[in-house]
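Listed below are the structures to be examined.
In what follows, subunit A forms one complex with subunit B and a second complex with subunit C.
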Partner chain A sequence: MSVAKPLPHDAARLHVTGTARYIDDIPVPAGCLHLAFGLSPVARGRLTHVDLAAVRAAPGVALVLTAADLVRPADCSPSAHDEPLLAEDEVHYAGQPIFLVAADSHLAARKAAALAQIDISPLPAILSISDALAANSRFEDGPRIYGRGDPDAELATAEIVTEGEIEIGGQEHFYLESQAALALPQEGGDMIVHSSSQHPTEIQHKVADALGVPMHGVRVEVRRMGGGFGGKESQGNALAIACAVVAQMTDRPAKMRYDRDDDFTITGKRHDFRIAYKVGHDAQGKISALVFEQFCRCGWSMDLSLPVADRAMLHADNAYWLEHVRITSHRLKTNTQSATAFRGFGGPQGMVGIERVLDHVAHVVGRDGTAVRKCNFYGAPADRSDQGALPPGGAAASPQSISAKAIYNGTRTPYGMEVTDFILDDLVARLESSSAYAERRQAVAAFNAQNAVIKKGLALSPVKFGISFTLTHLNQAGALVHVYQDGSIHLNHGGTEMGQGLFQKVAQVAASRFGVGLEAVKITATDTAKVPNTSATAASSGSDLNGMAVRAACDTIRDRIAVFLAERTQSDPTDIVFADGMVRVGGLEMPFAQAAKEAWMGRVSLSATGFYKTPDIVWDRIRGTGRPFYYFAYGAAVTEVAIDTLTGENRILRADILHDAGASLNPALDIGQVEGGYVQGAGWLTMEELVWDQTGRLRTHAPSTYKIPAASDTPDIFNVSLYDTPNAADTIYRSKAVGEPPLMLGISALLALSDACAACGPCYPALDAPATPERILAAVARARGALP
Partner chain B sequence: MHNFEFVKPSTIADAAAALAGDEAQALSGGQTLLPTMKQRLAAPDTLVSLTGIPEMQGVCIGDDGAVCVGGATTHATVAAEAAASFPGLAGLASQIGDPMVRNRGTVGGSLANNDPAACYPAGALGTGATIVTNSREIAADDYFQGMFATALEEGEIITEVRFPVPEASSYQKFLQPASRFALTAVFVAKYADGVRVAVTGASEEGVFRWTEAEEALSANFSADAVDGLSVAADGMIADLHASKEYRAHLVKVMTKRAVEAAS
Partner chain C sequence: MTKTHVSLTVNGEKKDVLVDPRELLIHTLREQMDITGPHIGCETSHCGACTVDLDGKSVKSCTMFTVQAEGADVTTIEGLGSPDGLHVLQEAFKENHGLQCGYCTPGMITRAHRLLQENPNPTEEEVRFGMAGNLCRCTGYQNIVKSVLAAASEMNSAKEAAE
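Up next is the complex of A and B:
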């Protein structure tokens, strides 16, 4: 079986030899037009005069379009139909496309776009969370509130009440391949679109809508992306629509790729958050009540902000039993880029909120953070030897058995889902042991006692991440598998490849079902004409959904071959074995290729579709109750850092990670995802800083001003292991989703920095993210009581 | 980028003659000028390359013991060839930008441009270097005249820079990690007749000497000597990467680090 093997990425050789083909590498037909947008320099205002004469007269320009020139309105929104391709009367953020240039080269289009004369009468721009609150500028009527119990009453009687607030910055996706699309007009008004998109069906849907044709008139193909991270879920729509509209108007191919500065300036990023908290707890750090207020900056259009903000609420518990809790979420509309999906989809921000609470509580009660975390875990023993009292309400359910004395924390999330697969007690214990956590905690304390300038910090943080789209109907997938008469296999499914290794993992499933080697399986580009009505490759669901759909398709073909061969040998088709490249049934044994050929000769269909929908999930997002997730993926990380207390400079010295990928389909690819997720998460919370100026222009729009972690920023000691245990839920070969969860392991880096700051004085450092040197220096001053 | 003519003379005299033409611009390593031209913030008619002039290349020791660097010598060459004679200067050169910048960019180009966050201005001012041009010699103290402003006349070429070698020195740079420019950096050099402290990256006026620290360190060359001093935030740069208060704070920290590294 090829599943569970640590095989390299299927395109690794193509990647490193530069022969993997991306949109910009596709040879274009003669006469191809190249597109560029002209952008608003103003965050909010009314278009008073748009003079594009010089743009139209520029060399090589074939066509210039404003909103008024479009035959029909073109909308780019994945949700609320509130994103016109080109600004109509008002501009809503600095960077919004106002006009579109089509020219005979990329350079000619960009040069021409710079010649526009645009007059905008500025209006007061709403830029910050505070601006939006003051103006009551928000999506949905008011804040959304989830919770249970009576947190206010519990806070009133809590032994200790701790309050605080954290600012959490956004994050640029910084996929190496910027957004790109290519539209090829066909006969009869049909359109083929190549798009760097995680969501080919949405591209198809939005392009068809913009062209005024049924979806059958548009075919979208995606071979691969050079990175997506959620940034190519909705943000590719504008380019694909622009290309298709121009191709339809001119009957010429049209291609568009964003220059990096334009990509930064136009596209949405991770939502930045402010999270305020008020927590009641005892002297051991056991939480009795918690109130969160999450403020989420959504940008100018709705995009995916509602489900992102929902997921932040759904991860406000992380791994902890919160009996009395209220989570209030404000989805604020601002004149900035439309914040969008980003690996974790709001979950990371929610999780930073609760981990900040645990960090603060541990500081207040003077206990080790890991001990405080463990006593708040779902299902943890709640018996406090100093009191021995029942927990408030006495309703805590036991995960295993209730002994006479032991009382356990509850196992139900604030949204009413029972946590039945909680493995963090064991996982964290193993990580504490493998990372020598206790010894290193002492070593850090000893180091800090002897060093005045350099302080070290150590932190362990767990991850519990819900797997499934919270929009329940998206949890479906399709596949198309052909077996040719020579035994070779054509594999297609609705998932997209963005470097994460999905195609290889799914190909391993197909090869395992037929008992053949991977060389027999051809991985093919995602294509809306082969598998229709797909969901975005998002929510970490790619392998779970598409692996199952492919398994179903393969098994359909396998069963047909089995029936055919069993009939010939007078045996039971259920006894057939596909293994080691051979097919065995009755006394018969033949190579798979021969079985395929004989089945074809016997007029057996060797093509099948497969379909899968996740069972057992139900979710009411307005009430905030149900079972939105099929299961949880877990992990934990221990990070050790050092800071220079004179400057705030910092380094991650070591990271130890134990991550739960269930029974891994491919440990090499999964460890790659864990390593990359940790580094991207730590980058978000430490060095990646987006800066908008007072007029709302994004000032960090290139690698010269925005720093992402590089290979050299990974910790020198970086121990990553998989918690190799089958998924309790019936997933593909009992594996678990691994795309998003490891990003949140990076939270341990922020917590370790907070720990180092806390070593400088008696006060809580209240370190915001990203923890840049300047913020760390301020946190050191707060720890010393020198700043409020 | 607009079209331009390109000439590559092999003598200083020919280069000076070429630069006398209308809208002519000297090109050394091009690490600032070419991106500026691509942005169309500069549009010279003629680029006069200074990289084909043998007498403007290389590192040698002058009669007075100064390290003399040809104006068109790259940072990588200085980092390698001054390592033995002037490790503080070689250290500065080795921290500039990335390998491409170090292998293309030149000392003359850096000083002529005088970017407020560039490294070489701190090295030149911190050593009291002599900037030698095709027509005169300019003391570093007279040379730097504010952000991107220098004493150079139109068409004047930096042919050589003479760095007096100190008894001890160090360049301490707080890196802006994205651009790899100095967020704030300090060059400290101890000479028999006193200490010089030059700060780059911090001030709206470009590179400057922190004279209070120089006095304190001339009396007592130890990091403690500046403990009682402070740098005012007024006039410091506030931008997307740091506040003026943070930069003012870093001036002192980097100065102390440089003294410790030098002694």
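Up next is the complex of A and C:
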């Protein structure tokens, strides 16, 4: 069987030779137009005068469009129909497209776009979380509130109450391939669109809408993306629509790729958050009540902000039992880029909130952070201060000593979902031992006692991440499989390949179902004409959903072959075996290719679709109750860092990770996801800083000013293993989703830096993210009591 | 604008092109020669996706005017090997999972190739710092570093065997 094997990425051979094609590499037909947007330099204002004469007159320019020139309104929003392709009367953020240039080259279009004379009469811009709160500028009528119990009453009687607040910065996706699309007009007004998109069906839908044709008039193809990370879930809509509109008007092919600066300036990023907390706990650090207030900066349009903010609320517990809890979420509307999906989809911000709480509580009670975390785990022995730990089962404890208090922590999330697959006790124990956590805790303390300038920090943080789209209807997938008469197999499904290895994993499933080698399976580009009505490849769900859909399609064909061959041998079709390239039934044995040929000769259909929908999920996002997730994926990381207390400079010295991918479909690809996710998560929380100036312009709009981790920034020692245990839920070969969860392992880097800062003095350092040298210096000063 | 004639060698082949004085080498390679292995990631010399080898040095081809490459000898990823005949480094990146989305890969391998010419026996740290001008957003670099080290030891043992 080819599942569970560490096979290379499906297109590895093409990638290493530079022959894998991205949108910008596809040869275009003659006469192709190249597009560029003209952008608003102002965060908010009324368009008073738009003079594009110089743009139109520039060399190579074929067409210039403003909103008024569009035959029909073109909207780019994935949710609320609130994102016109081109600004109408008002601009809502600095970077918003106002007009569109089509020219005979990329450079000609960009140069022309710079010649516009645009007068904007500025309006007061709402830029920050504080601005938005002051103006009550928000999405939805008011904050969403999830919770249970009576946190206020519990806080009033808590032994200790700890309060604080953390600022969490956003994050630019920085997919190495910037956004791109290519539209090819066809006969009869049809349109083919190549798009670097995680969501071909949405591109099809939005393009059809903008062109005024039914969805059947638009075909969208996505072979691969040069990285997506959520940034190509909705942010590619504008380019695809622009290309299609120009192609329709001119009957010429049209291509658009964002220059990197434009990509930064136009597209949405990870939502930045402020999270305030008030927690009641005992002297051991056991939490009795917790109140969170999450402030989420959504930008100018709704985009995917509501489900992102929901998911932040759904991960405000991470791995911990919160008996009395309230989470209030404010979705704030600001005059900035419309923040969007980014690996983890709000979950990471919610998780940073609760991990910050645990860090703060551990500091207040003076215990090791890992010990405090473990006593708050779901289902952990209820380590109440007056009782000490009770043994599992509570057998040794007399009824009196238990009194009215629980023996174990509860296992129900704040939103009412029972956590039945909790594996963190064992996973964390294994990681503590493999990473020599206790010894290194002592070594770090000894180092810090001897060194005044360089301080080290160490932290362990767990991840529990819910798998499924919280919009229940998105949890479906389709596949199309053909077996040709020579036994070769054509595979197609609705998932898209952005580097995560989805295509290879799904091909491994198909090869395993037919018992053939992977070379028999042809992986083909995602295509809305082959599999319709697909969901975005997002929420880590790609292989769960598409793997199952492909299995269903393969099994339909297998069953047909089985019935056909069993009839010939008078045997039971359920006895058929597809293995090692052979088909065996009732004493008959033949190569798979021969079975395919004979089935074809016997007039058996060798083509099938497959469909899958995730079972058992129900969710009411207004009340905040139900079972939004099919299962949870887990992991934990230990990170060790060093800081220079004079400059704030810092390094990750070592990271140890144990991550749960269930029974991995491909351990090599999964480990790659874990390593990449950790580095991306640590980058977000340590070095990647987005800075907007007072007028709302993003000043970190290129890699010259926005720093993502380089090879020299990653840990010197980096140990990554998979917790190789089958998923308790019935997923494809009992594997688990692995795209997003590892990103949150990077939270341990922030916590380790906090630990290093805390080594500088008696006070809590309250380190914000990203922990840039400036913030580290401030946190060191706070630890020393020199800053409030 | 008057165009300038430039002659250069690309992947062993002599090429003559007419270019605008401000045309960048990456654009000439991709648009005039259909050499699309070197990718565009930033066009400001920070990401390394466009890395080529020019007269024995790693060069970000978005940082150089084509007219500056007059007479130069340029090697791109296409000049290192082909899908049917992989270079040791290409094989190593494939086998050690040194790529995910693959967008950075041609630049990475081209850079790694020069790095191993400059330092055939690098330590892990030397690889990390020697490759720090090439960004990858997907892999976390672990497998990239592993790939380069694997290729180095492969190339060294081949050299020893030959001696």
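Simple rule for what comes next: the second predicted complex is superposed on the first by the 765 of 788 C-alpha atoms of A that agree within 3 Å, B and C clash if a C-alpha of one lies under 4 Å from a C-alpha of the other, contacts with A are read in each partner's own complex, and residues count from 1 in each chain.
The rule is short, and it goes like this: a residue touches a chain if its C-beta (ideal position, glycine included) is under 8 Å from a C-beta of that chain, and two chains touch if they have at least 3 such contacts.
Keep in mind that this is a model prediction, so the values were computed, not measured.
S.K.: Could you tell me if A:Gly31 is touching subunit B, subunit C, both of them or neither one (first, second, both, neither)?
M.R.: So A:Gly31 meets neither subunit B nor subunit C here.
S.K.: Quick check on the superposed pair: does A:Thr647 touch subunit B, subunit C, both, or neither? Answer first, second, both or neither.
M.R.: The answer is first: A:Thr647 touches subunit B but not subunit C.
S.K.: For A:Pro703, using the defined touch cut-off, is the partner it touches subunit B, subunit C, both, or neither? Pick first, second, both or neither.
M.R.: So A:Pro703 meets both subunit B and subunit C here.
S.K.: Based on the superposed arrangement, let me know which partner A:Pro122 touches: subunit B (first), subunit C (second), both, or neither?
M.R.: neither
S.K.: Between subunit B (first) and subunit C (second), which does A:Val691 come into contact with in this model arrangement: first, second, both, or neither?
M.R.: The first partner, subunit B, only.
S.K.: Which of the two partners, first being subunit B and second being subunit C, lies in contact with A:Gly602: first, second, both, or neither?
M.R.: After superposition on chain A, A:Gly602 lies in contact with neither partner.
S.K.: More residues of subunit A are touched by which partner: subunit B or subunit C?
M.R.: Higher number of touched subunit A residues: C.
S.K.: In the superposed arrangement, which partner chain does A:Glu774 touch: subunit B (first), subunit C (second), both, or neither?
M.R.: In the superposition, A:Glu774 contacts subunit B only.
S.K.: Taking the stated contact definition, name every residue in subunit A that is touched by subunit B in one complex and by subunit C in the other, in rising order.
M.R.: Shared contact residues on subunit A: 703-704.
S.K.: Considering only the defined contacts, which subunit A positions touch subunit C in the complex?
M.R.: That would be residues 6, 8-9, 11-22, 24-25, 27, 107, 173-178, 224-229, 257, 259-260, 498-501, 668-669, 671-672, 675-680, 702-704, 708-712, 714, 716, 718, 720 of subunit A.
S.K.: Under the touch definition given earlier, write down the residues of subunit A that touch subunit B in their complex.
M.R.: Residues 646-647, 649, 687, 691, 693, 699-700, 703-707, 773-774, 777.
S.K.: Touching residues of subunit C toward subunit A in the complex: what are they?
M.R.: Checking each residue of subunit C against subunit A gives 27, 30, 34, 36-44, 46-47, 49, 76-78, 80-83, 86, 89-91, 93-95, 97, 99-106, 109, 125, 127-129, 131-145.
S.K.: Of all residues in subunit B, which touch subunit A in the complex?
M.R.: 174, 177-179, 240-243, 246, 249-250, 253
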